[in-house]
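Alright, structures below, take your time with them.
Shared chain: chain A. Partners: chain B in the first complex, chain C in the second.
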Partner chain A sequence: MTHKDEVYIEAAADNFGALCLSLHKEHCSPVMGMFARELKDDYRIYCAFISVKLKKWFFATLDIPKDNPQFPSIAKEIYSANLFEREIREMFGINPIGNPDNRRLRLHEEVWPKGSFPLRKDFVPPKEKPEGREYPFAKVEGEGVFEVPVGPVHAGIIGPGHFRFSVAGEPIVNLELRLGFSHRGVEKLLENKIPSAAVRLTECVAGDSAVAHSWAFCHAVEKIGGIKVPERAAIIRAILLELERMYNHVADIGGMAIDVGFSHPAALASIIKESIHSLNQRLTGSRFLKGINVIGGVARDIGNLDGLDSIMADFKDLKGILLSSVSFLDRVEPTGILRRETAENLGVTGLAGRASGIAIDLRQGFMETYNKLDYKLSTYSSGDCLARLKIRIDEFEGSAKLIRRLLENLPQGEILASDINFKEGYSLGYVEGWRGPVLYWVNLDGEGKIDRCKIIDPSFRSWQGLSYAVLGEIIPDFPLCNKSFDLSYPGGDL
Partner chain B sequence: MSTLDKLLLCRLRKGIVTVPVEIQKVEQMGAELKKAINARFRRSFNIREVDTGSCGICEAEIIAANNPVYDVARFGVNFVASPRHADALLVTGPVGKNMLLALQKTYDAMPEPKLVITLGDCALDGGIFKESYYVEGGVSKILPVTLHIPGCPPTPLEIIEALLGLLKQ
Partner chain C sequence: MIEIIILAFASPLLSGIITKIKNNLRFRKGPGIFQPYFNLIKFFSKEEVVSEHASWIFRIAPPVVFAAAFSALFLLPFGFTGDLIAILFLLSLGRFFLALGGLDPASAFGGMGSSREMFISSLTEPVAMLAVFAIYLDASNIMAVAALFLVALAETSRIPVDNQETHLELTMVHEAMFLEYSGRSLSLIEIAAYIKQLIFFLIIALLIFPGFNGFLFLAAKLLFLCVLVAVTEVSLAKMRLFRVTDFVSFAGLLAVAGIIWKIL
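Now for the complex of A and B:
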């Protein structure tokens, strides 16, 4: 079974690193994902790269015997592999030799014992005592340097994460993120489920990206089974994906205004967001567009999109207020710069990547439904909060245009495929969610059940981008910088 | 009132934002809620929210309850930054192992009456994540829960309704 957009290349332990490096260089791609999977006698490592030019995904694979679970780390050459390697060590107990950072990302040392690896097939919940080791934060020492710990319970109504700032006077000299507080073991929960029974769970990986996640999962399963999604259903999915983008983008635009104390436009933004939720509710019965994507299509048809015009009129006002306020612009520009080179090294893609000049958007060239629409992505080079704001503004307006064009193209007909089947095989599903590319690599076993499902939310890589963007800024600007990325705790923590 | 305030208000009145019936419902329940809070909590009912590993949209709906359409603050419901100022703890999420200690500490830091309210199916019993190796499953196993607001996620209106139900008792 092969898919025309996925290329798998087998390597051996002594040339795995070289293969990855050549894919990385040739396609100018960060490590888009790296994960393990358990076979009968081996573990197989996959390292995924994207080729924007060829519109293909390349996977380097390496089999390693179970009795000697280790492989040579590639993070020294390709830094964007670092977090993935740590994740593999933590979840599978496979050691990336040469990767020096053995701190855990999700299974916190305070509550989880050593040597218990949830994604192994023979895993049973551990009875041993937690390791109890204290988490070693990187220390910055020197006269006048002090630490500010924040979280996991924050002052606002927001997800849990720990931020450890080291400041010298006002400016931040180092920010350490400790995440994993939203870890729920989603990948394990998906195992052994029939795909149709798993869609609802994928919606809850990151609730604000319910459409993107469930679509990416369905896409993978549909590719495996050769299931043909009717065109009407595909277009409905795209309309909903754009609505999801719109309500999140406008929420963040308002959030950025509130974080610099500019409350009028923030209130207007939250009204626009509420209007989109009402529209969602009317269209799908869910304010967050849940329960719509199913394997093979969509669960219900949508009605008309009345209300979009008044939403756009409101948005025009919002944009006018923000971009004509000198004191607002003064706060967002040039605050929180993420340099292009840093973004590339960290593997930051999606919205934050485009604000730093990385022109990748799966809607351009990758996602079939968008091919006819001739979508033009928007990029900026400054990489600051203003650039991330402008991307959101452009994309909000772009989404509305896309929705109109999608509606024009909406054919009559079925909304569910007739040939739904779950057969053995693997594939990558992908969708450009509002934060960036959401990837689901799925392997179904002989009974059509999920054997392995690797979820990659763009937040996982992009969190590090935030910790670089705030360097040199002052702590009072942190909320603004954070909002300008607006990454998902649950999406990254799984 | 500034021009912008008026602008917002007129948008609300026109019912662009949400169906007019709902706005009426908000106003009516809000007035009752305000009465109850005036009587029992001297005009302000302070809530501290704790996310123990939710998918993120239970929070989004709590935030929405604070937007100008619902604006629960005008009825006396305030979301506060510190548990020390809170009458109630509003807990979302299935209680992942990593959040257990933080949840307990937040609760310990509260003054009386230390009400605990759970919001969303996850917080009731772990919800869709119930079977996970990393989920404690249900706040009520850890803290004494006074009220549960069901939903995945509950809407702002349902949140207001549930709070009213609790405070009217």
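Now for the complex of A and C:
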């Protein structure tokens, strides 16, 4: 049961680091994901890399005995593994030896006791008292340097996250993020569920990426079972994915305008966003495109996409206003620069990566439905807020073109596969969501239930990109930088 | 005396009208023009929460701010019997106490707000003074009036200097100073801000076509100013904080040019 786009390479403890490093260098890939899984006597670590050239995923695997749960950290050579290693430590109690950061990620010291690891199979909810230790933020000291704590409760309707700024006057010297407040234990909740019942849950991992997440999950399960999704269903999924991209991109374009106090285009953007939501509702019955993806296809057929033309006409106005306003451009350029090298080291991919010149898009060569569509990738090299804004504009227009082409290709026929089965096996499902690649690594047990499901939302890696992009910027520009990334709190917190 | 109290009562109306115009420009209905009054009544009837770290400064700041603005109303130059310099002094007294009130509870946002407000006012106050000198030389000095208008945008925390509508504490200037205030104190601070806005607008209105200052003319000129401010706010993005220096220097240049023009 091997899949042609996934390559698994077993390693031993002493050459795991070297293997990862060679995969990292060979394919110019950050650690796209790193996770553990519990076997009978061992834990198995998977470290995933993407090869854009070969259109393949490479996994380095390492088995670790349960009585000595530790492995050599690779974070010193490959920085993008850092957060994943910390995650493995707190979820499985497997210690990455040599990882310099001992702090918790999601199971905060204030609320979660020591020595309780939720993703182990023998986990029971802990009764002990939490450590109550305070989280040690990096300290910046010096004359005139002071700390500004923001969050986790914010004034706007956004997710919970704590931002600790160290500032010298207005310029930001250091920004530390503390996330994990919206950790719901999704991966644990998915365990022992039948895949068809789990799809609804995956839609809620990041509510603004319902299609991307549920599709990635379905993709993994369909690959395991060899389920052939009818072409009509696959194209409908792609249309919905592009609609999801459009409503989120235009919301963020409006959001960036509102964050610099430019309210007229922001109002226009919200009109466009609402039109797309209405369109979604007409097509699927759900404004946020939920409840449509099912294992083996889609739950209902879609009608016609009237209204796309007027949406595009409005969008043209919006684009014109924004890109011709001197006062607006002065704010977004060159604010919040994420250099390419930094982005590569942190493993920033997707929209934010493309703005910094990293040309990874799973719609090019990875996702079958898109293969014959000749999708033109848009990248910029400046990595500032303007570049991220322009990527959004390009992709919004690109999505509309894609939808038109997909509609031309939409064949008649079934929308649900007939051979739905859940057999034992594992596979990686992937979809290019609007923020970037959404990955689901799923392992089904002998009864066809989920044994382990690792969810990797691009936000998890990209959050760090934000903390580097704002360095040297002044505090009032932070909301703009934040909005230009617009990362998901729940997607990263899981 | 009666006129002054009527003016004070009418001052929130300006903000209500500006908000209404702005919303209409943004394809929205928006709240009615009397919404500021409802807000004030709401604040006034609410319980006040005071940080336990706050000292007496925090408590006396709102009444001082209000008193300064209210007494400045008495010095309004109806027919040039007033004293523009004294008005500016009174307003900066209010600002000084508001900044202290922002610093007092030691919250991060209050400190940020106070520091930014002081930074901006250190630029706008000299420019306002220059504009006033130019006006003393010649009441219909259009350049001085333009300078005063730009200063008024900054002083009333309007775009492109500040943004009254934002909920983002990190970008706020004026509003960040009184984030800690609630209830009656908040309503006093808000009224003071409305009065200050009215003072600036009235001075400008009196100076445009100084010959026509009957009640109806004045009201029409104020309405015109409201439209002007609303259009400015909708069609511009807020400036980067340190860009404000350029904005205010331009106003300063206008004022100086006004003086030179007159002297030559």
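As a convention for this text, the second predicted complex is superposed on the first by the 494 of 494 C-alpha atoms of A that agree within 3 Å, B and C clash if a C-alpha of one lies under 4 Å from a C-alpha of the other, contacts with A are read in each partner's own complex, and residues count from 1 in each chain.
Throughout what follows, a residue touches a chain if its C-beta (ideal position, glycine included) is under 8 Å from a C-beta of that chain, and two chains touch if they have at least 3 such contacts.
This structure is a prediction, so every number in the text was calculated from the model and none was measured.
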After superposition on the shared chain, which partner residues are touched by A:P96: those of chain B (first), chain C (second), both, or neither?
neither
Can A:A155 be said to touch chain B (first), chain C (second), both, or neither?
both
Which of the two partners, first being chain B and second being chain C, lies in contact with A:G296: first, second, both, or neither?
neither
Return first, second, both or neither, reflecting whether A:H264 touches chain B, chain C, both chains, or no partner chain.
both
Should A:G17 be classified as contacting the first partner (chain B), the second (chain C), both, or neither?
neither
Classify the contacts of A:H108 with the two partner chains as first (chain B alone), second (chain C alone), both, or neither.
first
Once chain A of both complexes is superposed, is A:G180 in touch with chain B (first), chain C (second), both, or neither?
first
Check the contacts made with chain A and report whether chain B or chain C touches more of its residues.
B
Both partners, chain B and chain C, contact chain A at residues 155-156, 264, 267-268, 271
Considering the complex alone, what residue numbers of chain A touch chain C?
147-150, 155-156, 170, 257, 259-264, 266-268, 271, 325, 327-328, 330-331, 335, 474-479
Chain A residues touching chain B in their complex are 106-108, 110-112, 118, 123, 125, 152-153, 155-160, 180-186, 188-189, 200-201, 204-208, 210, 251, 264, 267-268, 270-271, 273-275, 277-278, 287-288, 290, 307, 310, 314, 317, 321, 488-491, 493
Complex contact set, residues of chain B against chain A
2, 4-5, 7-8, 11-12, 16-19, 49-64, 67-69, 79, 81-83, 93-94, 96-102, 106, 128-129, 131-135, 152-153, 155
In the complex of these two chains, what residues of chain C are touching chain A?
22, 25-28, 108-109, 112, 159-160, 163, 165-171, 233-243
